[in-house]
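Here it is, the structure in full.
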Amino acid sequence: MLRVAVAGASGYMGAEALRLLCVHPKLQLVAVTSERLAGQRLDKVFPHLRGLSTLVFSELDPARISDEADLVFLALPHMESQRAVPVLRKHGRKVIDLSADYRLRDGALYATWYKAGHIDAAGLGEAVYGMPELYRKAISGASLVANPGCYAMGAILATAPLLKSGLGRVEGIVIDGKSGVTGAGAQGRTIDPMYLYAEANENVQAYAIGTHRHTPEMEQELSALAGKPVVVGFTPHLVPLNRGILTTASVPLAKSAGTADLLALYREFYAGEPFVRVLPEGERPTTRCVTGSNFCDVTVVSDPRTGRAVCVSTLDNLGKGGSANGVQNLNIMMGWDERTGLEAPPVYP
Amino acid sequence: MLRVAVAGASGYMGAEALRLLCVHPKLQLVAVTSERLAGQRLDKVFPHLRGLSTLVFSELDPARISDEADLVFLALPHMESQRAVPVLRKHGRKVIDLSADYRLRDGALYATWYKAGHIDAAGLGEAVYGMPELYRKAISGASLVANPGCYAMGAILATAPLLKSGLGRVEGIVIDGKSGVTGAGAQGRTIDPMYLYAEANENVQAYAIGTHRHTPEMEQELSALAGKPVVVGFTPHLVPLNRGILTTASVPLAKSAGTADLLALYREFYAGEPFVRVLPEGERPTTRCVTGSNFCDVTVVSDPRTGRAVCVSTLDNLGKGGSANGVQNLNIMMGWDERTGLEAPPVYP
Amino acid sequence: MLRVAVAGASGYMGAEALRLLCVHPKLQLVAVTSERLAGQRLDKVFPHLRGLSTLVFSELDPARISDEADLVFLALPHMESQRAVPVLRKHGRKVIDLSADYRLRDGALYATWYKAGHIDAAGLGEAVYGMPELYRKAISGASLVANPGCYAMGAILATAPLLKSGLGRVEGIVIDGKSGVTGAGAQGRTIDPMYLYAEANENVQAYAIGTHRHTPEMEQELSALAGKPVVVGFTPHLVPLNRGILTTASVPLAKSAGTADLLALYREFYAGEPFVRVLPEGERPTTRCVTGSNFCDVTVVSDPRTGRAVCVSTLDNLGKGGSANGVQNLNIMMGWDERTGLEAPPVYP
Amino acid sequence: MLRVAVAGASGYMGAEALRLLCVHPKLQLVAVTSERLAGQRLDKVFPHLRGLSTLVFSELDPARISDEADLVFLALPHMESQRAVPVLRKHGRKVIDLSADYRLRDGALYATWYKAGHIDAAGLGEAVYGMPELYRKAISGASLVANPGCYAMGAILATAPLLKSGLGRVEGIVIDGKSGVTGAGAQGRTIDPMYLYAEANENVQAYAIGTHRHTPEMEQELSALAGKPVVVGFTPHLVPLNRGILTTASVPLAKSAGTADLLALYREFYAGEPFVRVLPEGERPTTRCVTGSNFCDVTVVSDPRTGRAVCVSTLDNLGKGGSANGVQNLNIMMGWDERTGLEAPPVYP
């Protein structure tokens, strides 16, 4: 059995990785790390996993973890991943990085958006962007996979067919993301009052207007698809739910196309994908229908009044927008059926 | 004291009108109507008002209600308002219509979006669009005020200064609205399962993509401000909260402008307005901070990467987006201080 | 493979059965019925299951379904189950009844609480109360299993060790249940406005005070454990969440006992149970930690000031309080590992 | 105009006091204090109050505040109130203390439950328990009013008529409280992860079983009503809503009584009370119907099977369970109409 470790598992993203990995039939979860929780039992920190694991948190020692595990999920804050990755790779370990550190291929772009230079140029050069729908083959041979940001995953899956086909124009794209609260930082670190129940409940707000760090990810991938530079205006929003992102993207069309035509394009683009569901015309994606799963539901509607397509996708930010997608990447890297360990249907309602 | 009636008070919009009117110091609530609830005590239907009113619901008889009341709020479904209004007006009664029936000045536009001809062309010609920030003077002399749609109110207040000044371009505007659930139909009529708790909770969805009926209201008013036709792409969303709309509008700028410049423009435009609060730079509108009140909080951010302004507003869909704005209109029509009966601060948290 | 059908699958309880059964590795889901939904695709009604099933709803014909399936889950309203069960049993089919029809062994008690006589006395005599922790052996040989009510499951698991041991007194027991909204009726039938989002959200209420039909179930099972009649005062409450029941039971103690003693008693009582987790002293059951699973988390605290034990349990009303427990029963009936198809951990957060 | 200050206004209880006081027509809010927020504008900390106050937070200096204000609301943590009160009283200022410091008349009891000796025995001797329904006359002449705890208010109002009349027995009382999240600590101090959105949302839990500090308040007041010692078993619960407490009290009856008899007793007991609403038989208290107001809705149901009365009350923990009740006390102390500044109806939905 594959031995797998999760580093930085104190936050919600790490918790979701643990939840999926502890019952994955083809691997053994061998170690979990957290500086803050070192020494504590995993099932005391995450009592939903009581009875499912007897692991104890340890501090992160990349060298030691390389002895214990064949593959490591990193759920570390950005800047910390790029310190651990070189050590793990030196020891020949495969890495699935859930942080932002290896998503942008251009180190200069990283420096611009993350306000700090990247210290692992070699890793950056070899990392594969972990979106199976675009890079399945590269992922299968990769030793370092950069799992996409949750908003980026939603935005790219919502619009990729339009940009790839040339039907979508590269200017004037406006993307609006609405995310549940677990997208927003770990349980145990300094807590922004914005995430308190009484503050987030019965409340909606926009934040990071024009400055969210998933924006350059979207532009990188959509530009690659379009074959020319794409600029997007992206506004993220915090909405009162635990899990889920709904993305609404307005894309100007290069030529007139009806909704049925657009949906046909989407169905062709995503044909065979096990986790992208293009909905029948007239059905609406909801976050509810993907919660707890690796599915992304997508639709597109033509608006002839504005000459735009309105693209909508939903995913679970901890699922297809995070750890479940990481498990899909793991399955691809290992040559397993991509659905392995991801069979549990979405939890509705 | 002014005698006021509320017709069609079985839904949430009517309930909010009752909540505000039953303690308004300068008027007396004399009648409430509902076909479905006729004969029932108001405080049984709306037990939050127990002790605050002893009224009993009756059926709507426009002639009789003209005897009982000097001014009538109509919280009827659209198509029903236009049947009641001519009778009320013939009897010399003032009307504040919370329905959609008198918002579009162009009867043909009404027919297009509402799939039915308008039967009161005379009323349509005299109705004043009830947005005090744009039509205060006309409202003060009006006998028929068409209270704006909730999404329209949010979108127009968020973008009016840009369109009026010419700084905003009239093409390429993308507006994304997120509404709580009370925007969505009456408590007692046929219930769409979409509004069940277990369906709406922990769920976000887009609906009526490209077809929402508040769209032509936005275009009517923004075109009037711009002096030329404005087309907007509008997508409404249902988010899990009881009250509140957050509007995010992306407006291409005709020329470069910084956030501070834009905010200065907004402050000037809304100077003296008692219920529009332009936030200081760096602060974010939240629905939480306007819940239960007639406030609309607004900000604008320049995004030089896209050459667009991102405009954000929040309001309570039953407040500034509905009945509280109706009370502000009433105060204007009566020559009273606009804040009368609207003093209670937003309920946070 | 075992062929399984679900009858009456339009509500939340049926939907959860489908969610679990469609990925259960040892059976095949062969039919789903609903009078209202007959002819519709299952994945249109329950879009979270898109890609996981191609079944179409049919009308319930017990004879025909006996041809198609070896075992049938009934998620019918009470009174309807007792009409279908005799036919299914005549054809030799096994039945797991999620309704209330076969839970009370005493037909007269059924008549008292359900205001109608029971029409299948034979079935009533053979049905086994489907609580594996009390009746595992009987379930393994049963052809008709009456799955417990959600509140009853929570209350019995919370207090059984006290009653069985004689440490709990049989008089003066007060039980308070708090349930999420899915406990409350089907998606598609007549909708009580109480379950509308805007009514249930930000709201808590008690209902059916002294009259809830799960009360006699609790008394039947607790009396059997105590060996003498137990009367409980039970008050159910509706709280704003989709899934989950927390039960708080106050049980007078026959003699003094500390919390550690009580917990030791509970651990012994539930030793080896795969789905009951007695928490360590100082940890608190939460509905969050069992959502989406078949777990029931339990604790007990001694209150020497009152001479009472306070027993607390949490479960998912659709999980251990419903369909997941039904799957556990199915596994027992078939001689399979009880965890089969129930491996997915609770969905936190 | 009366000059009023609020000390310790950084938390939700203080915020609610500010919300009510800033529009109270007979007083002027002259100062707000918070060690943490000193120097910040009130409307930046609490943006819902933008436009309603221009105050700036200062540090608490009891001597200086005695110069500025005639009456002071203390929303300080317990132990801090008893340091400020003697200074304020020495300067002749009236005090309404929202903390727990002056609620228990017996200093020894305080020491037992709060694990610390009380340092202001003189104050303790003169403080009046601020429940107008029980102590209106004493409050009217008081200079120091101890505003009740939120759970205590709900429990006492739910059961007082039974204990006062002798119909309720003093043993075997079980009280179960369900509170929204704002009952649980300030916005800005150390944050228990339990109050994070993703932890509290979709979650219910019991806490402080047998040890909650509002228990001795309940016993003190119910014993005074009964004329003999009352012991209650109290279990508080955290439920996912911002505001509201529902209390369910099970009280053994000394003799048989029907629901109508019990309700008649309650109506007589609360006759003339402006803020306690005894509901008609068959109607259910909900937290929704009191949110944002000073109302407490109450009902009682006789359960002949158990010989107990089930008493249910709802209130807003920041309203009748906190600051709004404080304003009622202030009105009584000043000889004003008790409804002054409390006219705004509950915010439904």
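Every chain is named by a letter (A, B, C and D) in the order it is written, and numbering of its residues begins at 1.
Going forward, a residue touches a chain if its C-beta (ideal position, glycine included) is under 8 Å from a C-beta of that chain, and two chains touch if they have at least 3 such contacts.
No experiment lies behind these values; they were computed from the predicted model shown.
Most remote chain with respect to chain A, judged by CA-atom centres, is D. Across the two interfaces under comparison, B-C and A-C, the one joined by more C-beta contacts turns out to be A-C.
Inter-chain centre distance (chain A to chain C, centres taken as mean C-alpha positions): 36 Å. Chain C and chain D have CA centres that are 38 Å apart. Mean C-alpha position of chain B lies 45 Å from that of chain C. Within chain C, residues 12, 182, 198-199, 201-202, 240-243, 286, 288, 291, 349 each touch two or more of the remaining chains. Listed in rising order, the residues of chain B touching chain A in the complex are 172, 174, 176, 178, 198-199, 201-207, 209-210, 231-233, 235, 237, 239-244, 246, 248, 250, 252, 284-288, 291, 301-303, 305-306, 308, 310, 312, 314, 349. Looking at the complex, you find that chain D touches chain A at residues 12, 180-182, 187-188, 191, 193, 195-202, 240-242.
Residues of chain A touching chain C in their complex: 12, 15, 19, 22-23, 44, 46-52, 182, 202, 242-243, 274, 277, 279-280, 283, 286, 288-293, 295, 297, 343-349.
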